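Note that the chains are named A, B, C, D, E and F in the order they appear, and that numbering of residues resets to 1 at the start of each chain.
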Amino acid sequence: MSDPRPLLPPVSDAEADPRVTAVFDDIRAVRRTDLVNNFWRALANDPAALERTWAEVKAVMGDGALDPLTKELVYIAVSVTNGCEYCIRSHTAGALAKGLDDAGLAELLSVIALANKTNALVNGLRPPVDAAFR
Amino acid sequence: MSDPRPLLPPVSDAEADPRVTAVFDDIRAVRRTDLVNNFWRALANDPAALERTWAEVKAVMGDGALDPLTKELVYIAVSVTNGCEYCIRSHTAGALAKGLDDAGLAELLSVIALANKTNALVNGLRPPVDAAFR
Amino acid sequence: MSDPRPLLPPVSDAEADPRVTAVFDDIRAVRRTDLVNNFWRALANDPAALERTWAEVKAVMGDGALDPLTKELVYIAVSVTNGCEYCIRSHTAGALAKGLDDAGLAELLSVIALANKTNALVNGLRPPVDAAFR
Amino acid sequence: MSDPRPLLPPVSDAEADPRVTAVFDDIRAVRRTDLVNNFWRALANDPAALERTWAEVKAVMGDGALDPLTKELVYIAVSVTNGCEYCIRSHTAGALAKGLDDAGLAELLSVIALANKTNALVNGLRPPVDAAFR
Amino acid sequence: MSDPRPLLPPVSDAEADPRVTAVFDDIRAVRRTDLVNNFWRALANDPAALERTWAEVKAVMGDGALDPLTKELVYIAVSVTNGCEYCIRSHTAGALAKGLDDAGLAELLSVIALANKTNALVNGLRPPVDAAFR
Amino acid sequence: MSDPRPLLPPVSDAEADPRVTAVFDDIRAVRRTDLVNNFWRALANDPAALERTWAEVKAVMGDGALDPLTKELVYIAVSVTNGCEYCIRSHTAGALAKGLDDAGLAELLSVIALANKTNALVNGLRPPVDAAFR
């Protein structure tokens, strides 16, 4: 059922207007790679959305109260729960690059699976929130 | 629209059969608290499900390749994405008890929100998975 | 966070126009009860939607290749997965009225929970579909 | 992981029974096209479900208080949020045929993405509903 | 099961630091109202997230290729699909203020409901994407 | 957008350690088949998760208050709602092997679709829970 073509055509380096080129350059500089992956090339059809989303990724995913690897794990948890394949594959690659190993990935999946299981149990049982959690 | 009563009645300490009592005692011992929260009391209507789920929580949520606080953050990410209020409140309480502060919680929510946003962008744009992520 | 008022006001018997009254009467006749529950009263703000949805419920939820109780269990499984409280409570009431007991309800929740867990594992592991399943 | 075969075989024009043929003819007439797309051919395994669903699409998606293009955008928003690829591709084609251009599509995706982001923030922060919204 | 307290305390005007006050003032000016609703007050615990999200709302939800009311309808469609009550109530209020009437709201809900229904049919039937949609 | 490779490599019989071999043997014995399908081979990268999940499947999916075919239908309902293709295909195969026919499958999909539709209507209308359902 899957179709490899994106809904909007990927923007190549040659087609990029100056605003898009500036973001692509910054992605390469911040990530220390030549790769501008297909998500950004698809989003580049809307330069304002590209700028806004890349700025948000830089502000949110960097080091802060939580470290960048932890943030990748949280990102994967959301993406697995939503069933977003591209998101799972790209952020798993990101987490492995930041130090996650196969044992950590397996453990992460067990936590995500358990959370989805107990979320369903709670939805079905509907226990009242304990006073201690308020 | 919300109704405070659970679908199955909470099992009190007095009503608990020996299998349930054994799990409740272990919850208290492992967590070093007197509280057996309402999720476990609702699940205790099915002693086998109670035993199985508590054993899984102990096996999965403890220290391993990932630390217990990181696992709580992953749990919250799943629960927020699924919109499970009890789960969010109970595991936020758990994360705060394990050292998360308000700045970390706010940062966590920004990561979860960004992931849900970009999951939607990917779903809509459908970029092909880059060779580099395979 | 919950607010008990519906987005559109419930339509009382006195306010019902003839199309709405006809559906309400049929609900009472088919279900052998005086109760027209709040879902139908809210939907009655749009008589065409009320007629269409009630006709669909009658066509789909009755006896057929699958029996009515099995259909209620399937309905609950969807509603728990979507976290729809009203749906869970109304169709659990329906299933209990059709013969489900507390042991069956607990078992149902264990199946729903397991399915949500393994769905997450599959989303994260992404195994290829086996030739045997095609 | 994807498999191009549907779970139930598509019904060709030659295999269609009279009830199915009548719906296929009406689809072609209403949409002024020869194409009966694969969704309807799969659903045609159950002629009653085909009739019911096509009647609903005609009743709901036509001109009314909301115009047909707006309804396509709403449909896409649901489909992106649910991650249903076939639905996204077929209704994006429908919206483009009804006048949406690439700029409108990009803007639509930004709204859908923002809504999924703020839904997550609300789920995590759980602000009480303001009196002004009641 | 619902608990009226937010996870992070609402920030009152008196407690707001200058960055928060600037956003609150801009919300009031842009929306021509004195109300700063509870979502923004909860988000204000993280001034950077508040600034970023409000800037995004202004950039995305204003007039453009799509009009503001259409964008509110899309927002509601996402929020209903995700089951986010606060989001549904606040954006329904927004849509009504922008001209939606009760008939339009009822019609909107019928479209959202139909889309969720056919998304499920597609997920279950898995028809291949037609060549015409590519 | 789909990629046929799993995130963790499938474990072949030759590579399996004794704990994995024991589970694979039990899967074959319980299911009276030589096939160990790809889900279990991917999960086998984490022998503890494999043991735990297989034990849960045996405990939950067997005969009890509900029969095994009904449980497969519930599993499919969850998987369709979550959009998990592998899960839908593997459990549809399981249900067909347990006696479901094409008419039953079509009826099942109509129930799942209706439930997703009315869940959306309830989310949008937010009727209060009737006293009779409590």
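Structural remarks
Throughout what follows, a residue touches a chain if its C-beta (ideal position, glycine included) is under 8 Å from a C-beta of that chain, and two chains touch if they have at least 3 such contacts.
This structure is a prediction, so every number in the text was calculated from the model and none was measured.
Where touching is counted per the definition, the chains common to chain B and chain F are A, C, D, E. A repeat of the B-F interface exists among C-D, A-B or A-C. It is C-D, with more than half of its contact pairs matching by residue number. For chain pairs C-F and B-D, the one joined by more C-beta pairs in contact is C-F.
Here the spacing of chain A and chain E, counted between their Cα centres, is 22 Å. Distance from the chain A centre to the chain D centre is 26 Å, each centre being the mean of its Cα atoms. Residues of chain A in contact with two or more other chains: 1-5, 7-8, 49, 56, 78, 81-86, 88-89, 92, 103, 106-110, 112, 114-121, 123-129, 134. Taken as a graph of touching chains, this assembly is fully connected, with contact between every pair of chains.
Interface of chain A with chain D (complex): residues 1-3, 7-8, 45-46, 49, 78, 82-85.
In the complex of the two chains, the chain B residues touching chain A come out as 3-8, 10, 35, 37-39, 41-43, 49, 53, 56-57, 60-61, 64-66, 70-71, 73-75, 77-79, 81-82, 84-87, 89-90, 92-93, 101, 103-104, 106-108, 110-112, 114-119, 121-130, 132-134. Interface residues of chain D, counted against chain C in their complex, comprise 1-3, 5, 48, 52, 56, 59, 126-129, 134. Partner chain D is touched in their complex by these residues of chain B: 76, 80-81, 83, 85, 88, 108-109, 112-121, 123-126.
Of all residues in chain D, those touching chain A in their complex are 1-4, 83, 85-86, 88-89, 92, 102-103, 105-107, 109-110, 120.
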